[in-house]
Every structure is written in structure tokens, then in C-alpha cells.
Amino acid sequence: MQPILSAEELDAFLQKEFPQAEGYTVASVAPGEAVLRLEAGEKHLRPGGTVSGPSLFALADVAAYIAILAHIGPVALAVTTNLTINFLRKPEPGRLDGRARILKLGRRLAVVDVAITHAGDPTVLAHAVATYSIPPR
Amino acid sequence: MQPILSAEELDAFLQKEFPQAEGYTVASVAPGEAVLRLEAGEKHLRPGGTVSGPSLFALADVAAYIAILAHIGPVALAVTTNLTINFLRKPEPGRLDGRARILKLGRRLAVVDVAITHAGDPTVLAHAVATYSIPPR
Amino acid sequence: MQPILSAEELDAFLQKEFPQAEGYTVASVAPGEAVLRLEAGEKHLRPGGTVSGPSLFALADVAAYIAILAHIGPVALAVTTNLTINFLRKPEPGRLDGRARILKLGRRLAVVDVAITHAGDPTVLAHAVATYSIPPR
Amino acid sequence: MQPILSAEELDAFLQKEFPQAEGYTVASVAPGEAVLRLEAGEKHLRPGGTVSGPSLFALADVAAYIAILAHIGPVALAVTTNLTINFLRKPEPGRLDGRARILKLGRRLAVVDVAITHAGDPTVLAHAVATYSIPPR
């Protein structure tokens, strides 16, 4: 499974198409994988000062989406059909990485595993598995 | 299972403690249930004009939280440990209801089922099941 | 959403095609719903004498399958792609009902909610949400 | 995270306490991990000749359980509270490995990721994430 778009191309696509993805950047792409980075600041926190659930959900969801687009191209209109997320540890603000690994890239469905960590620290803070429906190509 | 807080009390708690929950209000509370309402406007949309995944996730997550607090009181520091969401239909903006029904309210864990619909329309747009960890009381 | 097969027709199909479904019978069918019943005996128990996880999984999975077939007919080769199950209470052996309600029946995907109870008792013992992939018709 | 039981000790425990786990053996244990093996024969198949959903569910569930016991000892009465499984490819019968990696081992909850493959082949056939409730120690 070889990516057909670079991290730079995916990031340009993300910034252009999803202006709400402020703070999220595509950090890297590799065969079957992509890493999305979130600089978690004030607007991503919840009371108590840890990163909010919706911000972690968005990091996992968009990381999976970017991993899929990296391998099928930006024309595809893939949509999330299912996402399961486990919140394991309360994440302090800072640089969070969502590492998305493709478990299956079929004609109709893609399933992606996402581990969220602080950049440079292997401890998994949250873990998600997402299913995307892929339109006929 | 009888609620011990009213919708008004829960809404006051939500607005005070979660200033980020702008647009969300507690609509009703009943034995084992609560309804959280989202007036989905511009900031809750994604490209294409339908309500975004993170906004639906937040509606499901907070609806489950409110249903639990309604029955154990606002002192408890419950945290989401697991949430599975299925996106069934693309939701147009407008008034969205997250109807949370408690499946289990144990000493340590609560499990809540949430159906998201347009207010007054039974068609389920998204469906979630959330598990909350409840601290020792 | 109207069923096109009766409980008797679905049960005959189940017994013929799934000889391993011993102990499972189709109890009823209604618009958007089906109930599968398990007479949980010795072979469905785990150490401690409660009904085993795999038996509850099978009850939820097959109940969802039967609800879908009830509405699209037995020719379809639907396969489970995703199932999330929450175990809420330890189920004593006896007559268990898996009540499957269709949340979405699309052209490609069906999503079904299943509540497992003792027959005649509303307490939910386990709850599942299953996604099935439906082949082109 | 260091295991305190060997694969042999865990296998002896499994065979003694779970006589229904026929065909399942503990293949290996490592820090944070365990591999459970299923020799999938006639009784584990479904119509069409591929390994059945309940057999894959049991492989994932027991693999997670074994990984936890390997690190906390066999006295603990851990129970599954939640399991999400994605079926990715139809598994032919033969030797199946469920590789369980602990994502979190807390005082009250453990979360475990399980990848099911054919022994010696990295292709993931099914993937699960399980949450176990751990009784007070």
C-alpha cells in the first residue's frame, strides 16, 4: 500500500477545504499510515485544563481521513460511518499526534486504527478505530 | 430511577461549568432520561453545510453526561471512558435533540444510549453508546 | 419499513442454513424489528454459571441479521462489518430475548440496535450495535 | 509493564477454568502483550466454511483477558464490560493468532487492543478493542 499524496499536499488540501481544522497539520505520511498533529491550545481545552473530548475525537477522525486520502487521492468523498474511541489518560495541552494506521482499504469500506500520544512520548492517551464509507470510484 | 435535578438546574450547571457548550441547552429530564438540544449554526457545520462530526460527538457525549448528573447530582466527576458513534444520515443544520437513555447506572460505570434526531422528527441521524466512569461516592 | 418475511419463514431459514444456531429461534417480527430468542442451557454458560460472552455476542449478531433479512429477503448475503457490545449485568441462564431494531437500512450498510433481556423483564442485560454490509442487489 | 505469569502457567489456568475454551492455547507472553492461538476446526466454522463471528469474538475476548491476567495474576475476577470488533476479511480455517496489546492497565479498568491474523501472516483479519473491569485488589 503506497501513498500517492505527500504530507505537504494533504496539508494544503486540509487547510483549504476545512478552515475549521485550525491547529491541525499533517505531520507525515508513510505506506499505510499518516500522522496528524494538533497544537492543543485554549480553544481545545475543557474545564480542568485537559484537552476536550471533541478535540480528541476530531483529531482521530481527521487523522483517519487523511490516511485514507493519502492512498486514494483527494477527489474521494469518504464519510465516517462509525467511530469508537477509548479515553485512556487525561491529555495535557501541547503537541498531540494522531497516528492513523490503515487496517483495511477496501472498495467500499476503510477501517483505520488511530493512537493519540504527545509528540515524542509513546504513552497512548486515547485510541480510536474508525470506519469510512468510500464512494464508488 | 428518579432524577434528582431538574432540566433548569442542569442547564444552569452546564452553562456555568462548560462555557464552550455554547448552543447546547438541557431540554428535558425524565426517569432514566435526558434530552440535550443543539441549535446547530455556522460554527457547527462542516464543508457541504451539514452538521460536523465533532459537533454530533459533543452532543452525544454531553447528553449522556447530563443524563447521569440528573440522577446522581452535579458533584460527581464522571469522565467518558468509551464512546461508539454511528453516523446514519447527514444532518441538516437546525435544532438537534440528543436523547440520552441510561442503560446502566452502576457504582463504578454508567452506560448510556443516545439517539440524535431533528427536534420533532423521529428519524435517527446519529446513534451513540457512551460509558462513563463514576468516581467513588 | 415493512417486513417481507414472517417469523416462521425466518426461523425455517435460520435452522436450515445455520445448524450451529442450536437453541436460537425467531420469536417475532414487526416493522423495523425482530426478536431472536435463546434458550440458554449448559453449553451457553461460562464458569460461574452465567451466560457466556460468545453466546450473547451470537444472540446480538444473529438478531441483527434476522431483522435485516426480514426486510430485504433471504437471498442477500449480508455480513457483519462492525459490532460493539456492552455487557451490563451478568445474565442467569433461561430464556433470553435479543430485540433488534433497525436504525438504518441503506443500499450498502445497515445499522441495528440490539437489547438483550430476559423474556418478560425489561432490564437490559447486554446492548449491542451492529453494522452489516449489504451486497449490491 | 512486566508479566508475572508465563504462557505455560496461563495456559494451564485457561484449560482448567474454561473447559469450553477447547482449541484455544496461550502461545506467548511479553511485556504488555499476550498471544492466544485458535486451531480453527469444523466447530468454529460458519456456513461457507470461514471462521464464525462468535469464534473470532471469543478469540479476541479471551486474548485480552489472558494479557491482563499475565500482568495482574489469576486471582483477579476481571469481566468484559465493552468490546468493539471489526471484521476485515473472511478468515479461512487454520491457525489463528489473537495478539493482545494492553493500552491501559489502570486500577479499575484495562483497555486492550487485539489483532487477529493467520499465524505467520501479518494481514489483520479482524481487530478488536476490549475494556475489562478489574475488581478492587
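For clarity, chains are labelled A, B, C and D in written order, and residue numbers in each chain start from 1.
Here, a residue touches a chain if its C-beta (ideal position, glycine included) is under 8 Å from a C-beta of that chain, and two chains touch if they have at least 3 such contacts.
Keep in mind the model is a prediction, meaning the values are calculated, not measured.
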More C-beta pairs touching across which pair, B-C or A-B?
A-B
Of all other chains, the one whose Cα centre sits farthest from chain B
D
Can you check how far apart chain A and chain B are, centre to centre, with Cα atoms defining each centre and the answer in Å?
24
Gap in Å, rounded to a whole number, between the CA centres of chain C and chain A:
33
Length of the line joining the C-alpha centres of chain B and chain C, rounded to whole Å:
27
Would you mind listing the residues of chain C that make contact with two or more other chains?
81-82, 84, 86, 131
Contact residues on chain D for chain B in the complex?
81-82, 84, 108-109, 131, 133
Per the touch rule, the chain A residues reaching chain D in their complex are 84, 86, 88-89, 103-104, 111, 113, 124, 127, 129, 131
Where on chain C does chain D make contact in their complex?
17-18, 20, 43, 46-47, 52-55, 57-58, 61, 79-87, 90
